[in-house]
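Listed below are the structures to be examined.
Both complexes below contain chain A, partnered by chain B and then by chain C.
Let's look at the complex of A and B:
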């Protein structure tokens, strides 16, 4: 058995090296979640990135849109059957499907965004939420009139902590006397899907003077943003650009640049520089950012613009180190 | 044959020279003409193609792009209407069930809308309205999620509040009843104070909460009131204190909630006591109402955008349809114009070019050729030009020259033929004369032979008749002898009496038998002569047979000659064959005659034999009679022997009788044979006459044929 496996591995190795030597087959593919590629969120960003890549290189990107979480393994199988060599999976929700699937397809390169799956053929791309959140903090500190800003996390988790600490550091670095109120929606993942609880936390924070709310709590965050919008606090979007939800009432959105990340992943595949393991994309890599667009430009005073630019520079240059709990 | 060879050689010569000298061949000219027409057609087809391609692309635009767009827009509009309708329903939902149902409907409407939007994204591309629709879709989705959260919380809170309020009301009622009972027993200020405190707590508990207000203040007031109640309660008599203790516990639990759990996070929404719950309920109600209002606004906006998009697309379709109409009209005009132009080109090419320079000349040439074929060798052939028609005309002149040659050749041939015919006629006449001479002689000989044969047969018949007559006489004589013998026998009795008479009569009998013997000898001689005549008939028939053989040979020769003379000798051949058949028939007739003669001869031989026997018998009779006479003379006593002898004589006479009958019969059959010979000779003579006629006719025909030739 062991010998057989060894032979298989050796065969695979020679086959792959032969491929590299000859024509290096490359077929990039994206597997979206059921929200579809026009979800105004992660999927859409990934779609934009893959389109940009296709335009840049002239290599067509195949797309797969499973109808639900049950269909994820099927979509992965379809992608592999279609001859995809580089498969990008949009979101941590693919984690379990990929963990089961990737080992069976050693010759296919998988890139999972915002989640971690081990394996020699899996690249797990994470984002430096703390760096993006730091910039949000800088902007929030300057945009807040009361000097009190709020952060609402979905649940106690490392990733939420990265958001919170980076944000708080940005606020404090910009305005030392500012207060950062923090709240958690729940002790478990239900905290990402309870918008009313987040709304109540937001109301409470506002009663305590907070006039900028940064929820990092998935769907729950929408409740906080709704309250912020209806009661005069600025909201901050998360993961994808949510500025459009409440134009003029959003400070910004801390986005994970799936478009940049997918472009990097496909480039790596195309140039045979694919690297398995965990990669964390920060400001330097363009992996995270704060969004300024038509919906929030009015909120961004020149002071905020300048301060955020400075902070970005400081972080990229390494002048400022943002705490990164993990 | 020779003429054709000459002709083809000349034609090929002309062809060889003509091809070198030709400027523009017929094929090239026709090719040019058809090329012009085909070019015109190609231009028309090309134009039609291009025009129809335009029509097609416009149509494709409508069918492939605009119509699906309309479908998508329709779906989008319906989804928007669904959104608006369900938003409206959701905002007026009165019961929990209704609210649940409308929320479900709202979720479905949102899903339908987003599906339609996704489809629209794929089909409509990026437009401002669509982008706004997508934004609205995103907002609506977010809104719906928050609304769902708020509604869930609202209904849970409402239920919890109702339960808690009821529990509080019951506890309160229970406590007040206990206090009232105590008051009934012994009213004390402490009891009254407790009652007032209880009512204060109830009032606080019943106080409505406002959305957004901090429930902490209300909760603190309640806590204060409860603390005051507890303090007052402490002053009550033990009995009453105990009676309201549990109620106060319940009131406290309802008002302030259970002890907060240590876990981080917001926790249970229904935790924190009645005041907090009421505050949250107010918040949830406020949020729900606001979100429903917003959702209605978004739905209205979506509807409006959908309508705008639909109107735009409709306008687009209308524009495209108009463009299509224009293109079609243009195509129609273009087709008519180019069709007319094409017809004009084709007609002018056909009439002015092909008609005049080709068809006319071909018709002229055709007329010339028809005349030539009709024998008019003086016809004028126009050989001008350098194309195939001119070459054909030159070829026709060659044909004309050939025809002249052929005509001369034919005249010469006719003269030769005439000369040959004359020669042949003369030869035939000579041959006929020769034939007449040879065959005529033979026939004459044949006729003579036949006549001779007739004569012979007649004499033979006569001889036979004579034989028969003689035989008759013999018979009569022998019968008489017989009768006499019988008389002798009868008279034997009287013999002794009249021997002399017998002797005399015997002498008479002997003389009679002698005479009979002589007569028989004469009959034999006659028969001998008859045999000789038959012999001669046989030799004549052999002669006739020889002649028939020779005639056959001659007829064969005549047939061969006739075959040589071919068509001219055809009649001759018929006659020759007839002669041949007559010769055959003649030969057969002679054969028959020979047979008959042989038969006659055989019969005659038999007669001769019989006559000889008769002769012998008569001689014997004579001798016996003589002996009898002597015996009569000598012996009277030997009468019996005489009688016996007489009987023997009678028998002998009987025998003579029968023999003579046979001779008579033989003579009759000889006569019949002679008759047959005569008939055969007559037939032969007839045949000879017919042969003579046939030969004469044959010769007449031969001569007539010669004269005709």
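Let's look at the complex of A and C:
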């Protein structure tokens, strides 16, 4: 709350000192999920991005934190009532609330991340998980001693398949004789919240010689990373930077840059360039990336650094096409 | 040949790990239901226990404090269940569902408020958890084909709570069929009026049963978050409480058959991890959905065809009213 007030103050200060000429009203707002803006994941990245935007432009960003999925429509209503012109919604779970809400407020621009809602005033921003995962695959192929690496998905879903296919392609393009083991935690969304089941799949993959594990399974992934850490495999974080979980034992994290995406969304609103429809942010747009920081730098040999840089260039220039299932 | 042996050993070890929370929760249900109190709330009590264990282990650094907190937290919910169903004769199923709802919401909210990690607790390191015990002679026997590995990875190498679950089965059987308390416990689930006529307090007996249920659920929760897992995650029980209930029904509310039910479910679960993407003879690769519903299909099939009629304790689900 204090932070919100501070932002408001900063905004007021900048607004009065800088001479703002824009005539169209612009008030950016973020609606977080109930996980809250300091969840060390999606929400926090969105928070960081909106903070950077406020710093950059001097426009205060209002924030709404609903207490649960039932409170999403209420939070959207409060945002609109508060005069927001650009509302960013963090995550696909807002899909149904927004689909019902957006048509009634044609003058408000909505940006939904990681999900799709049709409408003339809704921009749906997706991420090219396949491209980021390709880079993970390149690094995994070179970091693996056994030549066998694992992928654990949460459940059968298009987004999980994008992770899997991109990763497998990255591995194979780098090392044709490598084996990619794949597994799914469950057939329904509980596969994203069952770390125990994920750890059993991880154990089995290790038994088959896998020494890099890439779980794309929400919190289930933590179970797989824990097993990997205790038995000597390298882990890969997902969605947000998870390198801090096991310093020195993480290969990297495949991040969806929500901070970049939210900055783009608000910029579009500010400059009146808002476009409804689906956009997909890939490596070129800086929407996805692999993280190298103090926690995993030791794992990145010069060969990995060079190969990943090459692959990144090849994807951005269009030389390498990463398959994107639906 | 050696490959097959390895496969079997790893499957067995996985089965034991997966069966442990089911066994603890199913035995928890055994005490409550044999005393005539239906308990749908096993899931919620486990989840609360898991959260309390992880939060306490994070704060104190001690897995023992975590285990104690898990039991205490689960006991509180058990008391709520008892207060609603025994003292106030509320509907047992409704109270159980309420406990599950409270647990799912409260743990997530508290985790968020205390740790700011989006509904989970920080990852625990080795000293804050119950890790696998290294049995003597494991290394010496490693060379012995099959048996050496069986000893090292299935019999040994498990964490303390697994052995606790293993001991809990014969102990429960002994308590239920060889002690006065057990006799009365079973009687109060079949015919509470007779127990009352004998001058024994029905509520006090049922409260004791419900408290044992709470304690066992707490241990099951602690197993998930500070023994097998390295922290609490939102909804991490993922339906294990319901699966435990299914095992209890399959086992006809008896300890050893219930254990068999738990092992069966755990084995199908362990197989799931191993069958994915593997092309089987004749049918080819099996979709994950089919493997996943196996435990439930098995329950229905076994109940329908093999184990025969499973009859619940006669007074289960009914509140006892002294003078009608």
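Everything below uses one rule, namely that the second predicted complex is superposed on the first by the 304 of 326 C-alpha atoms of A that agree within 3 Å, B and C clash if a C-alpha of one lies under 4 Å from a C-alpha of the other, contacts with A are read in each partner's own complex, and residues count from 1 in each chain.
Assume a contact is a pair of C-beta atoms (placed from the backbone, for glycine too) under 8 Å apart; a residue touches a chain by one contact, two chains touch by 3 or more.
Everything numeric here is computed off the predicted structure, so don't read it as measured data.
Asker: With chain A superposed, do chain B and chain C clash or fit?
Answerer: clash
Asker: By the touch definition at the top of the document, which applies to A:184: first (chain B), second (chain C), both, or neither?
Answerer: both
Asker: Between chain B and chain C, whom does A:36 touch in the aligned arrangement: first, second, both, or neither?
Answerer: Once the two structures are laid over each other on A, A:36 reaches both partners.
Asker: Please work out whether A:156 is in contact with chain B alone, chain C alone, both, or neither, and reply first, second, both or neither.
Answerer: Both partners, chain B and chain C.
Asker: Examine A:201 and indicate which partner it touches, taking first as chain B and second as chain C; both and neither are also allowed.
Answerer: So A:201 meets both chain B and chain C here.
Asker: Quick check for you: in the superposed arrangement, does A:55 touch first (chain B), second (chain C), both or neither?
Answerer: Once the two structures are laid over each other on A, A:55 reaches no partner at all.
Asker: Taking the superposition on A as described, I'd like to know which of chain B and chain C A:231 touches: first, second, both or neither.
Answerer: Touch status of A:231: first partner only.
Asker: If we overlay the two complexes on their shared chain A, which of chain B and chain C does A:219 touch? Say first, second, both or neither.
Answerer: After superposing on A, A:219 lies in contact with both chain B and chain C.
Asker: Per the contact definition in the header, classify A:120: touching chain B only (first), chain C only (second), both, or neither.
Answerer: neither
Asker: Can you tell which stretch of chain C bumps into chain B once we superpose, 92-100, 110-118 or 182-190?
Answerer: 110-118
Asker: Intersection of chain A residues contacting chain B with those contacting chain C?
Answerer: 36, 38-40, 156, 183-184, 186-187, 194-197, 199-201, 203-204, 207, 219-220, 222-223, 226, 230, 245
Asker: Using the touch definition up top, name the residues of chain C that touch chain A in the complex.
Answerer: 6, 10, 14, 17-18, 21, 105, 108-109, 112, 116-120, 123, 126, 224, 228-231, 233-236, 238-239, 269-270, 273-274, 276-277, 287-289, 292-293
Asker: Can you name the residues of chain A that touch chain B in the complex?
Answerer: Interface residues on chain A, with respect to chain B: 36, 38-40, 155-156, 183-187, 191, 194-201, 203-204, 207, 219-220, 222-223, 225-227, 230-231, 242, 244-245.
Asker: Residue numbers of chain B touching chain A in their complex, please.
Answerer: 114, 117-118, 121, 134-135, 137-139, 142-143, 145-146, 148-150, 152-153, 212, 214, 263-267, 269, 280, 283-284, 287, 290-291
Asker: Hey, which residues of chain A end up touching chain C in the complex?
Answerer: 34-36, 38-41, 43, 67-68, 156, 181-184, 186-188, 190, 193-197, 199-201, 203-204, 207, 219-220, 222-223, 226, 230, 245
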